[in-house]
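The structures come next, written out as structure tokens.
Note that chain A is present in both complexes that follow, paired respectively with chain B and with chain C.
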Partner chain A sequence: MRRESEVRIRCLGVLTAVMAVASLAPLPVAGQATPPAPDTWTPTRTPWGDPDLSGIWDFRTLTPLERPSELSGKEVLSDEDAAEYERETLRALDKDRRTSDGLTAEQDVRNAYNQFWWDYGTKLTEDKRTSLIVDPPDGRVPPLTPEAQKRADARTEALQRPAHGPEDRTVWERCILGLNTGPPMNPSVYNNNVHLFQIPGTVVILTEMAHDARIVLMDGRPHLPEDIRQWRGDSRGHWEGDTLVVDTTNFTGKTSFRGSGTEMHLVERFTRVGAETLLYEYTIDDPKSFERTWSAVIPMRRTEEPMFEYACHEGNYGMFNLLEGARVQERLAEESARTKSK
Partner chain B sequence: MRNRFQGAAVAVALAAPLTVISLVSTPRGQPAQALQAPYQAPRTADGRPDLSGIWQALGTAHWDIEGHAARPGPVVALGALGAVPAGLGVVEGGEIPYQPWAATQKQKNLDNWLASDPAVKCFMPGVPRATYMPFPFQIVQTPEFVLMTYEFASATRVLYMDKPDFESPFDTWMGHSRGRWEGETLVVDVTSQVGDTWFDSSGNFHSDAVHVVERYTAMSPDALWYEAEIEDPNVFARPWKMSMPLYRRLDRNVQLLEFKCVEFVEELMYGHLRKQPNK
Partner chain C sequence: MSGVTWMRTKLTFVVAGLVVVSARPAPAHHAFSAEFDADRPIHLEGTVKKMEWINPHAWVHIEVAKPDGTAETWMIEGGTPNTLLRRGFTKKSLLPGTKIVVDGYQAKDGSLKGNGRDLTFPDGSKLFMGSSGTGAPNDGRDPTEQKKPKR
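Let's turn to the complex of A and B:
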């Protein structure tokens, strides 16, 4: 499968990049336990005077979006606990791990997509946070409104039964958006890379997955008319000091990020805090879907490794197989029902 | 802007002799402006011709890059709106020099157009087809990288401007692009394309050995002259070239919009695998 072979080569590239990145600047992050070391880095600027954020950034991390329940009340881990957490997480995720009591056939087949393909990083965020969400303080996505909960339940129901059609599956299985593309971007299992381009009046956010270029217009024009909706929304940007602020609306609602709807108002902030580090923060304001606003902070590291084409739809044999499998399951169930009634 | 006026002055000075030459020797399809060359685009901060902007081809190359009369379309219900308009063609010399087997294959592709054309399925169109799909594309030009992002299928490619020795480790749908400047012209060497893309909706095709050299030259503030030289020893008897103008989109508030066509082809591709009613 083409997609897999590209991921595989990408993985090799990224491993090299990890080894090359020796030390990272400390991050001034909301909710951080220890104060950051003084930052002596002077922001570089584009020839027209904007802070220079351009280049390829890697946002892999083991820190989950939401704080795991067993770490409830613990925003940050000690160095020792962090090392233990990283070790345990990597062990639990390891698809090549073999238990002494053996695997069921189903587990074994599931592990065929083995460790070689995954690329979720090996470390927590530099400040050892236990969740990428910094607000609300419990590090969890706020409760959904009844309306949003109804949508979420319908989606879960569709995902748990044999799919009736492609619309029952996620946008990333359908190859409409990548699984870490958002907006907002969030670290996921592989291809956690984004290339930022800057020219006067325009910034482009190009995510590796799935070759999605989000064009951020910086010329002060208003958002698209309300009736023009887009999977990745409509983005406008401006500078607040040295921070790039990107304001995105006009979502379809079909993208549904953690339960968001058509009225999601997303504000993303990109601040370069060192030669090697870009701080990416976002706030989701969608009162029709969430009981309150919520925010996450994700550090991104500069990489010299190139991004490659993530052709998803062109090789989406998964969708054929998944739907065909669903129809086979139905046929078998019918046959079995017929046999019983005889 | 200053450069543009300088360019205009030079153009006036040279106009008389060049007009004579262009009347005599302009090849079919190449505008006289291409020979009068001296237009200079405004410069980027690093002193290169600034080609950034939203561009689009006009004409019928996306239907058929060779010259063709108007013909009916394959979808009866679309009537006049689905018919193929005539075009003079964009292939220099008029005809693509196919090897004999490949000419037969091209005809087969045309006969089975809807079933075989990869763009029908919303696959990324490859280079050069992405350039003249009937959709805008945007050039975002920086010194190290030039991004070309296409409205059709959200296809994108990044040109490496400072890595002439960087080979792609594998083939991709949009290929591997290395760019360089030759005076006013952005030259792009496109390699490592899969053999699955076509040139148009008339079955014109290539193999995975295809090598494309593109040339983008500003003709005026609002037009680029585009050339693509095609070499593919598996399919063609010799290299050949297509060329056409690309126009700047001047619409009020123009911006690249989304055309994520995957959603629009799901019924076509997966419809036969849907759950049927009463089952």
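Let's turn to the complex of A and C:
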């Protein structure tokens, strides 16, 4: 188990590299032929002097959280290979392909609906990374501990059989949290937007899905007592230079990010590196769940588009239908068993 | 093997992997495979009665004429309306009376609900199309993308 400080040094290395791209310094990686346009932005501050991170930020990207095993050892793609990767990925993800294009009916049902409903972006991150995870260096989530693996297996089992009740389904299907809101936030298939608000002593992180506000107190008070657990954990923030650091603990264990548990200690860092770019970095320290700490870096782009309400419970007929379907499956299984026993 | 050819071979392999990934449960807000029956494909030609622009999934109610002259009302599930709102579609974008065609799958409980796996107009064109070229959602980064419809 590495200490967080060691991980921070590694992360800072990558973070510095990403920031270097944003500030036009040449990236010391082969294949980065075209540097981005010069950014003449000068850091702005709130009226009370804090770095100004406020606004709506878009975190769509085709870059996967984990590096595909076929790209093992290749942290960054050349511009040409990145373009090819984007084209091929969009083709593979295209939801307008149907059974007539070779999909099975099962795959077709899972694809849900036409392409026009989806919004996962069309580009890799600007620095053309092959994974959002920057530590460990292989770009993969570290192996789970036996305890965490057991929890993950139980969740998989519950999702694969007819659900006994809503508790067997994911928190996003239950409209408790959005599928990309974490914490930590991660790009998903749509509604990848977050609105940051700042007032003196408080930062509010409002994610579009499921219209979810995380209130980050910046006044130095300690975390809640250990026995108070919250769906989004308990967040406290402070500034390190121009970086907003948000420290979150007190998770319920009813949520799990890639296998995390109640003892996850999440540290998120928000650094504005240009007029249009906010770097979002997070480190997960949960020795009861992962064999080591791990970190990801996600560049967010400023957007002028509004966020829309995501009142998830309003029309969650899907949960009703899903449970109805489960009861039908049970009835059919019982009837089949009875017929066989006769 | 040139670098590019090697990469293409590699990428084809990776993309084949992505197809598998996309076939995993719950890529969307909820698992459609738990709600709809792959053994009950439906093809419906009907008229829009009302559109529910609600989250987490929009629902289109359509009236479908039966061979015996009577009609039945189906509820068809779509995706999050936010994506479409962001592209400029509004409540007026699919008005009652519009004729549409639904290819999808019926709910597992056998009720008159289906997923709008493929929503088209009778002439075959897609509802709510907002982009061209790759078919990927309109995110303003692709110069070939069509202009937004007027609000």
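Just so it is clear, the second predicted complex is superposed on the first by the 287 of 342 C-alpha atoms of A that agree within 3 Å, B and C clash if a C-alpha of one lies under 4 Å from a C-alpha of the other, contacts with A are read in each partner's own complex, and residues count from 1 in each chain.
FYI, a residue touches a chain if its C-beta (ideal position, glycine included) is under 8 Å from a C-beta of that chain, and two chains touch if they have at least 3 such contacts.
Since the model is a prediction, treat every value here as computed from it, not as a measurement.
Engineer: Once chain A from each complex is brought into register, does chain C clash with chain B or fit beside it?
Structural biologist: fit
Engineer: Going by the contact rule set out at the top, does A:198 touch chain B (first), chain C (second), both, or neither?
Structural biologist: Touch partner of A:198: chain B, not chain C.
Engineer: Give one of first, second, both or neither to describe whether A:206 is in contact with chain B, with chain C, with both, or with none.
Structural biologist: A:206 contacts chain B only, not chain C.
Engineer: Look at A:314 in the shared chain and tell me whether it touches chain B only, chain C only, both, or neither; answer first, second, both or neither.
Structural biologist: Touch partners of A:314: chain B and chain C.
Engineer: Of chain B and chain C, which one touches more residues of chain A?
Structural biologist: C
Engineer: So in the superposed three-chain picture, is A:293 touching just chain B, just chain C, both, or none of them (first/second/both/neither)?
Structural biologist: After superposition on chain A, A:293 lies in contact with neither partner.
Engineer: For A:84, using the defined touch cut-off, is the partner it touches chain B, chain C, both, or neither? Pick first, second, both or neither.
Structural biologist: Second partner only.
Engineer: Looking at A:326, would you say it contacts chain B, chain C, both, or neither? Reply first, second, both or neither.
Structural biologist: So A:326 meets both chain B and chain C here.
Engineer: Could you look at A:54 and tell me whether it touches chain B, chain C, both or neither (first, second, both, neither)?
Structural biologist: Only chain B is touched by A:54; chain C is not.
Engineer: Output check: A:215 vs chain B and chain C. Expected answer is one of first, second, both, neither. What do you get?
Structural biologist: Once the two structures are laid over each other on A, A:215 reaches chain B alone.
Engineer: Return first, second, both or neither, reflecting whether A:283 touches chain B, chain C, both chains, or no partner chain.
Structural biologist: neither
Engineer: State the minimum pairwise Cα distance, in Å, between chain B and chain C in the overlaid complexes.
Structural biologist: Distance of closest C-alpha approach: 5 Å.
Engineer: Between chain B and chain C, which residues of chain A are contacted by each of them?
Structural biologist: Residues common to the chain A contacts of chain C and of chain B are 162-163, 175, 210, 308-309, 311, 314, 319, 324, 326-327, listed in rising order.
Engineer: Would you pull the chain A residues touching chain C in the complex into a rising list?
Structural biologist: Going by the criterion above, the answer is residues 60, 68-71, 80-81, 84-85, 87-94, 96, 98, 104-123, 159-160, 162-163, 169-170, 172-173, 175, 179, 189-191, 208-210, 305, 308-312, 314-319, 321-322, 324-329.
Engineer: Given the complex with chain A, which residues does chain B contribute to the contact?
Structural biologist: These residues of chain B touch chain A: 44-46, 52, 122-124, 138, 140-142, 145, 147, 149, 153-158, 160, 166, 168-170, 172-174, 196, 253, 255-258, 260, 262-263, 266, 269-270, 273-275, 279.
Engineer: Once bound in the complex, which stretches of chain C touch chain A?
Structural biologist: Its residues touching chain A are 4, 7-8, 10-19, 22-39, 41, 52, 54-59, 75, 77-86, 103, 105, 107-111, 113, 115-119, 126-131, 134-137, 139, 141-142.
Engineer: Quick check: in the complex, which residue numbers of chain A touch chain B?
Structural biologist: 5-6, 9, 46-48, 54, 162-167, 174-177, 195, 197-199, 202, 204, 206, 210-213, 215, 217, 221, 224, 228, 230-232, 306-309, 311, 313-314, 319-320, 323-324, 326-327, 330, 334
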